[in-house]
Every structure is written in C-alpha cells, then in structure tokens.
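Some structures are shown below for you to check.
In what comes next, subunit A is part of two complexes: it sits with subunit B in the first one and with subunit C in the second one.
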Partner chain A sequence: MSTLLSVEDLSIDYGRRNPVHAVRNVSLSIEEDEFVGLVGESGCGKSTLGFAIARLERPPAQIVGGRIHIGGNDWMSMDAESMRKARWETVSVVLQSGMNALNPIMTIGAQFRDVMEQHGHRGRRAIEERAVEVLDLVQIRPEVLRRYPHELSGGMKQRIAIALSLVLRPKLVIMDEPTTALDMVVQRQILENLKALRHQQSFAMLFISHDLGLVLELVDRVVVMYAGEIIEEQSSRGLLKHAWHPYTRALMDSLPDPENPKGSYQGIPGSPPDLHVIPEACMYAPRCPLVQESCRTSTPSLETFQDVQSRCPVTRQEVVDGVGVRS
Partner chain B sequence: MRYFVRRVIILLCTLWVAITVNFMIPRLMPGNPVETMMARFHERGSMSPSAMKAIALMLGVKHGNVFQQYWQYLGEVVHFNFGVSYTYFPYTVTYMIAHALPWTLGLVGISTLISFGLGTALGIVAAMRRGKSADGVLTTISSFTNTFPYFWLGLAAVYVLAFVLHWFPLSGAYNAAFPTGFHWSFIVSVVHHGFLPAMTIVISSIGGWLLGMRNNMINTLNEDYVLLANAKGLKSRWVAWMYVARNALLPNLTGFAMALGFVVGGSLLTEIVFSYPGIGFLLYNAVINEDYPLMQGIFLIIVVCVVLANFFADLAYVLFDPRVRRGGTS
Partner chain C sequence: MVSESVLEVHGLTKVFRVPRRRAEPFVAVRDVSFTLGHGEVVALVGESGSGKTTIGRMLAGIETPTEGSIRLSEESAERSGRSLRQRVQMVFQDPYAALNPFNRISYTISRPIINYHQMNNAAALERAREILGTVQLIPADEYLEKRPHQLSGGQRQRVVIARALAASPEIVIADEPVSMLDVSIRADVLRLLRDLLDQKKVSAMLYITHDLLSARLLAQRIMVLYRGNVVEIGETETLLTNPLHPYTKLLWSAIPNPRRAAEGKAMVIPTAGTGDIPKHGCPFAPRCPLADERCQVEMPPLEERTNQHAVACHMVEGV
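What follows is the complex of A and B.
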C-alpha cells in the first residue's frame, strides 16, 4: 500500500480580522483503499478540514498554512484548469444534506451526464451504462435517471449522491456526515451499502461523522478531532480495545451500550472552547477528569507511541506504567 | 394537466370578477356621465331636442334595471363592444383602444423585455464577479439609476435631447409625413420617435432587475448543489448557468410576468411625458374629458392584461421549474 493523501500542518481560519482558528496544524495521511473516520463533537472543524482537502473551502474560510498532496500532486498549487480536471476523478465528495446536493431543475441522469461529459467521457449509451452501474452499487433502479430530485425520498437522494461520487472511479471519496439527516433504518441500509462497496470498487474514504459508533463499524482507522486539532489517531481495532485520550474515552463512554441499549445516554459535560484565542494549554483541560497542573500551562503535542498517536501525556504515562489499560 | 385546468378556472373567475367590478364602478360614482356629456354638447350650440335624443341613443344610454343592464353589459364585453367614446365621438371605444394599444405594446413591451433581459444578464455577470471591479461598477450604477424618479428622468430627456438639442422629436410615435406601412422611412421614423421614451423606461427599470438577479444569484451560490457542482469539476460557465442562474431566475419570473402585465397600465407617465399616442395617453385624455365609456374600456384592458400575465407566469413556471410540473401546489 502506498500513501494516497498526505496533509501536513494544515491550518484554516475563518475571517481575517479576529479569525476563528478552526483547524490548526493538522497532519493526516490516508493509504490507497483505506477507510478513515474523522470524528469529534459538532464545531470541532471536521467539515472545514474535509472541504479544504477537496479544495472546496469557501470564504470566509481560508487555508493559512500547510500542504496537501493527493496521489503525488500538489493540491495547493495547481492551475485552475488542471484542478478542474482533477476534481471528481481524484477526489469526490458526498455532502450531509443529500437532499440539497442535487440541482432541483436537472434530472438525475443529466447530473450524471454533465460530470462525465466534462471529464472526457463520450457517448450517451456508455455514459448511461456507467450511471446504471454505480446506481446498482447502491441498489437504486435505473429509472431514477429520468426523475427530478424532488420526486425522490431523502434516502434515495443520498444513495444517488453516493453513486454519483463513485462514477469517475475517484481515488478518494470524502463523505461529510452522509447519513446524519436520515432516519435510523435508512441510515443502517446506507451503512451496509458503504461496507459492501469496498469489495466492488477500489477507493479510499474519509468518513466524517460525530457518531463514533457508526464510524467504528465502517473504517479501518479513526482520527479524533477536538477544537480544531487532532487529539488521537489509531486503528479501529485498537480504539475498541483502548482509547487513550480522555476525550476519546468520553466519546466511547457516550456510545449506547449494546447490552443495555435503553440505558442512559451519557453526554460529555462542559462545552468546547472558543477558537478565537488559542491558549497555551491543553484544549480539553477545562473538561478533563484527569487534568493535572501541567495540562493548564503547556500545549501537549501529538506523539506516537505503540502505533497510537495521542495528545495526552497523562494517559500515555499510564500506559508506560502499565496501569489503566482496559480490556 | 390538472394544474393547467385549475389555472384556467382561476383565470376565468378572476376575469369575471374584474369585468363585474368594472360594471359596478361607474354606477357607484356620483353624477350621470351622459348628462355631463349632453350638457357639453348643449354649450357648444343650441341643439334641437330631437337631435339630443338621437345622440343620447347613440351614446348608449342604458335602459332597464341593474340586472338587465348587467346582462346586456356582459354580452357587449364578450363582443368587445364598449360603446361610443364621448371625446372622440363618433368613434367607438373599441376603435380608439385598437389604435392606441399597438403603440403601447410595442414601446413599453419591447422596453420591458430589453430591461429584463439586459438587467438579468448583467446581474449574472455582477454576481459571478462579486467583489471585483465589474461588480462594483454595475451595482453602484444600478443603485443610482434605481432612485431616479421616472417623471424627472423623462422630462430631463425630453428637455435636453429633444427640446434643446433636437436629436429626437418632442412628441408622437411616427412622422405623419410618411405613409403608414412596412417600409423603410416609416420604420426609421417609428424607431426615432420611440427611442427616447424606450430609453427612459429601460434606464429607470434595469437597475431593479440587475440588483434582484444579483441578489438571487448570490443566495443560490450558497446552495449545496452549487458546492457539489464545483466539486464535480464542471466548467465554470456551465455551473454559472445550469446550476446558479437558472435556479436564481425562477423567483424573478413572477416579477417579470407582473411587469409585462403592467405594460399597458404602467405606460401612463411615459406616454404623457412624450405625448406618445398609446393607451396611457388615451386614458389621460379620457380622464380629462370625463369620457366614462373610454375609461371603462381602458380599465378593463389593463386589468385583463394583468390577469393574463399572471396566468402565463404560472404556465412559464411549469416550463422552467420541474417541481411545479408534477403534483406541485399553488
């Protein structure tokens, strides 16, 4: 396996005067065909990061530092026309609100056709065949090609959006909360679709969600963000055994217990910090049950230890000391 | 199809209400217009009572009770028979309107089309270059021309370009020296006469279309499907037209249809300022001369135009917005 996406030291601000430092010094890489999950509370910068990787950031968002390489191409310094051609063939996206992601005045078929034609595919028949093929991957009948978005249910639209994202065989698909707006049953079906997809077409995925449970079912590796930074990153298997960072632990604890699904849902007390001024301290310290004096006076760095990246020196010391390892 | 039938029913109902109101208004007004008219004839010179009676008959003095009159009136409306004009006696109201309407439709209709088309196109340009200098120039000029009072603009144009500089004629729709018809000198004279009033209409209304379209475009640019269109790596012109402009145009369609509906009614000021022989000018003369049959006929035409414009706006929606096409409400 070789590295497909590499993000180094990426920082994104909203606004110029008194900016919100929404994403700070994020480094992240995705291997070919790897599924990576990006989780964290609402407002921690997941979408901001995901859109910037696809170079879809819109004002007032702006990339203020860092590098993005995809498949060996410098994704930050391409000219407009090469960028246009590389889009969707290299990176495609699925948006949270699949309902609004389709143009209301074009048929579904036309929205498959335009992207294929403008990326050099020729022949109505061939284009339609390919559209039918990807629709089949998400169990949607070819008839929808003649329909308009308002004639379809939310679940269908979201599946169509997923099919659309695969139509040019991209190397990376970024999905931003693709199931959040849907009810539980449809959410389940789409998750099963996504799991099956990787056996049918090869692509890597960055799956953005605030639902850690969902993410753990689907992806190989989980990246946890808090207040604009990555605070933990490890394989799904590893995370299921042992979460290192206290914030990740809190996320794990707030998952519904499979043995007691009706049990009380545990939220994380406190609220995320303001991102205008970044303190010289651990961002999670005000809410952390394990907080120590040093956490409030210095910024902890992301360090790799036993194949796990974590920003918490306190829990890392626990592992070194051989205590606190959960089974 | 159900949609179409429903629209037609609504159209017929509206027309009926308009016609009925048009019937009632003169009957609710104080004074008897025919008497006023007869008095005026009387002043011009002594007339024998038998002559008076003949004129009264020609002017169509109504007989019978209100319901009989109403029934008779409906029959006349269906046959486009609105009686005889008091002012332009012995010409009928229908004749006068038929001769004024083409000028108004031509002048104000074409000006409205140009204003809408150009304003919308420039609004698209401004929105796609928002924040750049082209946008700044267009927006500033539009906000400025939008605030001109029309009357002032028209008078200034007449005074400077026609009265002082003699570049354009002061009044009329064509040069009476040429015979009417489809030949070069007549057409040139029509364009020459129509240019100034058309220009003032375009200048005073284009800013509204431009700013409205720019605003709709900027709202539409924030839609998820536009973000997705950019992610798809579509050509920017395609995105600007198929994803942004066509969606942004939909809310403006109603406004445009309404503007077309007001073409006939809204021509009053222009035609007075430029002494243009259209419906507005005719209405002005009718009001001055208390010519009730003519006024009634013109009001009816104005209302019918507005109602028809609404009807066609609804149909246009069906063409442009698939959401209305199948099972949409309203």
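What follows is the complex of A and C.
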C-alpha cells in the first residue's frame, strides 16, 4: 500500500488581525484504501482541516503553513484548471451542510448530469445508470432523480449528497458529519454500505464526525483533535482497548451505552479554550483530571510510542511504568 | 403524572401534492393524534422522511394541515394576547439553512426579543447575552458580533436554540437539536432543555430525534413514527424495555455500539424495501419479518395494549 494523502505541518488561521488559530501544525497521512476518522468536539477545527485538504478553504480562512500532497502531487501549487478537474475525480467532499449543498432549482437528476458532464462523461443513459447505481448504495430510489431538493426530507438530501460524492469514483472522499442528519437505521445502513463499498470500489476516506462510537465502527484509524491540534492517533482496534490521552479517555467514557441507560451522556466538564492566543501549555490542562504542574508551563509534543501517537506525557509515563493499561 | 394537556392534536394529516407531475398526492403524515401534557417532553422518533419535521412545522403554524386539529390550552392571564407563532417555537433541524447568513447573531437573537417583549435595544441585547450564556456560547459578546459562517456546525446549532428561546415560547418543538453536537456539549444542551421544563420556562416540548438514547434521557413518553403513521407510543422506559412494534425493535438494535461491533457481531438490517407500501395495509409490511397476508391488506389500528402503551401491529398479541 502506498500513501495517498500526506499533510505536513499544516496550519490554518481565520483572519489576519487578531486571527483564530483554528488548525495548528497538523500532520496526517492516509494510505490508499484506508478509512481514517477525524473526531473532536464542536469547534476544534475538523471542518476547517477537511476543507483545506480539499482546497475549498475560503477567506478569511488561510493556510499559513504546511504542505499537502495527494497521490504524490503537490496540492498547494496546483493551478485552477487542474484543481477543478481533480475535484470529484480525485477528491470529493460531502459537506457538513450536505443537505444544502444541492442546488435548489435543479432536479436531482440534473445535478448528477451536471457533475458528470463537467468531467467529460457523455450519454444521458450511461449517466443515469451510474446515478441510479450510487443512489442504490444509499438506499434511495431512482424516482428522486426527477425531484427537486425541497421535496425531500433532510436525511434524503444528505444521502443524495453522499451518492454524488461517489459518482466519479474518487480516490479520496472527505465526509464531514455525513450521517448526523440521519436516523439510526439509515445511519447504520450507510455504515454497512460504506464498509461493503470498500470491496467493490477502491477509495480512501477521511470521515469527520463528533460521534466517536460511529467512527470506531467504520474506520481503520482514528485521529483525535482538540483545540486545533492532533492530540492522539491510533488504530480503532487499539483505541477500543486503551485510550492514551485524557481527552480521548473522556470521549470514550462518554460514549452512550445502550445497556446502561442512565450512565449515558456524561459529558466532559469545562469548555474548549479560546483560539486567539495559544498558551505555552497543554491546551487540555484546564479540564484535565490528571493535570500536573509541568502541563501548565510547557507545550507537550505529539510523540509516537508503541504505534500510538499521543500528546500527553503523563499517560505515556503510565504506560512505560506498566500501569493503567486496560486490555 | 401529567395532568392537564397544553396541546392536543387530533387526526393530523398532511398531503403533499406535487405540481407539474401526474404523480399521486403524497401522504406525509396520516391521522396523527396525541397530547402534550403540562411539563411533559414527548419524543418523536422515526426514520428519515417519516414526517417528523412536517408534524413539527404544522404545530408551529408554518405548514397548514390538510386535515385535523391542533388545540392549545387556554392561555394563562399573564401571557394572553400572544400569537400562536410565538407560543409555539421551533428549533429548526438544519442549523446551516436556518440562519440568515447576512445577520449578526446579535440581530438574530434580539429581534424576537424586541418583537415579542417590547424591550428596547439595550435591554434586548442584555437578554440576548443571557440566552447565549444558557446555550454556552461564551463569551457572549464575542458571539453576538459574529455571522453564521464564522461558526462551526455545533455553534450554529446552539444559536438556533437560543433564537427559539428568545421568544419565550410555551411550547418548544425541538427538531434534532443536538444532532451536530458532540458528547461533551450534547449532555449540557439536553440538560438545558430539561431545565427549561423543570424551571417552568417552557410548559411542554416535542423533542424530534432519531437518537433513542437521548430520547430516553429527556422524554417521559416516546412516539414512534413510520412513513407518517404513529406505530407505537408509550411511556419511555416501558417502550424501550419492551418494544412491541417490529420497527421500534429495529430502531433500538441499530444504535452504534463499537464494543459490540468489535466483537464481530454483524447487524442484519432489512433494507428499506423497494416495493411500494401496500395501499390499505400496514406501511411496515414490506420490511417486516413477521408480516402475513392480513398485514398487506389491512391497516392495523393504534391500540392500547397495557397502561398507556399503544401499538399498531396485527402481530402483537393482545394483552
């Protein structure tokens, strides 16, 4: 397997005067055919990062540092025409607002035609066949091709946006909260469909979600962000056994448990930090139950140990000492 | 126990006629009846496209019912003279579509305060700050200055909740209010919604969701909708510990559970059936593992089986 996406040291600000440092020094790679999940709480920078990887960032967002390569191509210095072509064909995106990403004055069928024709596909018949094929993957009937977006429920529109993202068989699909609008049964179906789809059509995925439970079921590897930084990265399998960073642990502990009704929805006390001023400290320290003095005075770095990347020296020491490993 | 009702809905039906096409009219909501008691939260759950939002929109006076009646309790003296639109506020499902991109948050929140409470600008802004605090958009002053595109999905969702609260409604229709929130804030927002009732700031709530676990946390009763029909309704714990309708059982089993998934127990989900719903039969019949001929031709009525627990299914034994 080879690396499809490589992001190195990427930083993104909003605004120039008093900027919000929404993404800071993020490095991330995705192998061909690999499914990677990106999780973290509301406002931590997931969408900002996903957008920038697809080069869809718009002012006031600006990439202030770093490199992005996809399939070996420098994604930062590509001209507009190559970019236009690469979008949908190499990288496609399902937006968090996917349900509004559809054009209100075009039928669904016309939107499929539009995307495919812009990328050189011809023949109404062939285009419709492909559209029906991808719609089937998300359990939408072909009749909707003749419908307009306002005649469809939120969940239906969202599934159509997912289908559209797959229509040109891209190498990388970035899905930003693709199933938040969907009911559990449909969500589960899409999850199973995406898992099955991997065997039919080879593609890699960056799956952005605040729902760690969902992500763990789907992806091979999980990247956890907190306040604009990656704080942990490891395989889903590994994470289910043992979360390293205290924030990831809090996330794991607040996973709803169908078997334990009242224990669900614990939440994580405190609120995320202001991203205007980045302190010389661990960003999670104010909320961390394991905080030590050094956490408040120096910025911990992301280090790899036993195939796990984590930004917490305290819990890393625990593992070295052989305590706290649940297996 | 719930005493008097704040809202009574009877025989609510919505038929959409699609112009330009000779398609059959589409029945999005069929003959739905229920009540919202004082201090009660009723959860409305069901799959995508089942008609949840349409019901909510009819209650909030945004959509006109094709048939049926919606009755609000007599107003208390202190609140009289208020319009239905103010008494019932909807927290809209999609926070990306619900906010006008050109307006600052300060305008979005203070406008309903000014309209409904005849406050001056300064007082309205002060109230807006308070409300932003309740939904944890802190520091409020910073958020007041922002426009929607400067906010993340979860932050927008909280603004939408804040706007509904700004009108001081009696009844809140919360349409998927926490779907974009992560666990850390989701718990807080659910608690916030709960507090609104406990502190009597709101008399009743219809909580629309596809998340049975949050429904369990918030609602006294759950109502399950399938293709526009109420198929089961009952007290929360009773319904969840003993779901009667095959669709409710399916919903319950679809909840993500990574630990179970890691054990390699795959889930079998009957697909949404490509066949049409039988004209007169049960809407769930094409997907139902239990369905027999009767289900294809005869719509099961919603019948009470045990105390306050009603189900519409031919295959559930009578009690």
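Assume the second predicted complex is superposed on the first by the 318 of 327 C-alpha atoms of A that agree within 3 Å, B and C clash if a C-alpha of one lies under 4 Å from a C-alpha of the other, contacts with A are read in each partner's own complex, and residues count from 1 in each chain.
We take it that contacts are C-beta pairs under 8 Å (C-beta built on N, C-alpha and C of every residue); 3 or more make two chains touch, one makes a residue touch a chain.
Computed from a prediction, not measured in an experiment: that's the story for all the values here.
*Asks:* Using the superposition on chain A described above, determine whether A:169 touches subunit B (first), subunit C (second), both, or neither.
*Replies:* neither
*Asks:* Residues of subunit A touched by subunit B versus by subunit C: which partner has the larger set?
*Replies:* Per-residue touch count on subunit A favours C.
*Asks:* Looking at A:187, would you say it contacts subunit B, subunit C, both, or neither? Reply first, second, both or neither.
*Replies:* second
*Asks:* Look at A:250 in the shared chain and tell me whether it touches subunit B only, subunit C only, both, or neither; answer first, second, both or neither.
*Replies:* A:250: touches subunit C, not subunit B.
*Asks:* According to the stated criteria, A:139 is in contact with first (subunit B), second (subunit C), both, or neither; which is it?
*Replies:* Touch partner of A:139: subunit C, not subunit B.
*Asks:* Under the stated touch criterion, which partner chain does A:151 make contact with: subunit B (first), subunit C (second), both, or neither?
*Replies:* both
*Asks:* Taking the superposition on A as described, I'd like to know which of subunit B and subunit C A:114 touches: first, second, both or neither.
*Replies:* first
*Asks:* After overlaying the two complexes on chain A, where does the subunit B footprint on subunit A coincide with the subunit C footprint?
*Replies:* Touching subunit B in the first complex and subunit C in the second, residues 97, 100, 151 of subunit A appear in both lists.
*Asks:* Please name which positions on subunit A make contact with subunit B in the complex.
*Replies:* For subunit A paired with subunit B, touching residues are 54, 56, 58, 83-89, 91-93, 95, 97, 100-107, 114-115, 118-119, 148, 150-151, 161.
*Asks:* Provide the residue numbers of subunit B that touch subunit A in the complex, in ascending order.
*Replies:* Within the complex, subunit B contacts subunit A at residues 223-225, 227-236, 238, 242-243, 246-247, 250, 320-323, 326.
*Asks:* Under the touch definition given earlier, write down the residues of subunit C that touch subunit A in their complex.
*Replies:* Touch residues, subunit C against subunit A: 16, 18, 21, 45-50, 53, 93-94, 96-97, 136, 138, 150, 152-155, 176, 179-188, 190, 210-214, 216-217, 240, 250-252, 254-259, 261-262, 267, 269, 271-272, 274.
*Asks:* Enumerate the contact residues on subunit A facing subunit C in the complex.
*Replies:* Answer in residue numbers: 14, 40-43, 47, 96-97, 99-100, 139, 141, 146, 151-156, 158-159, 177, 180-189, 191-192, 210-214, 216-217, 236-237, 240, 250-251, 254-258, 261-262, 264-268, 271.
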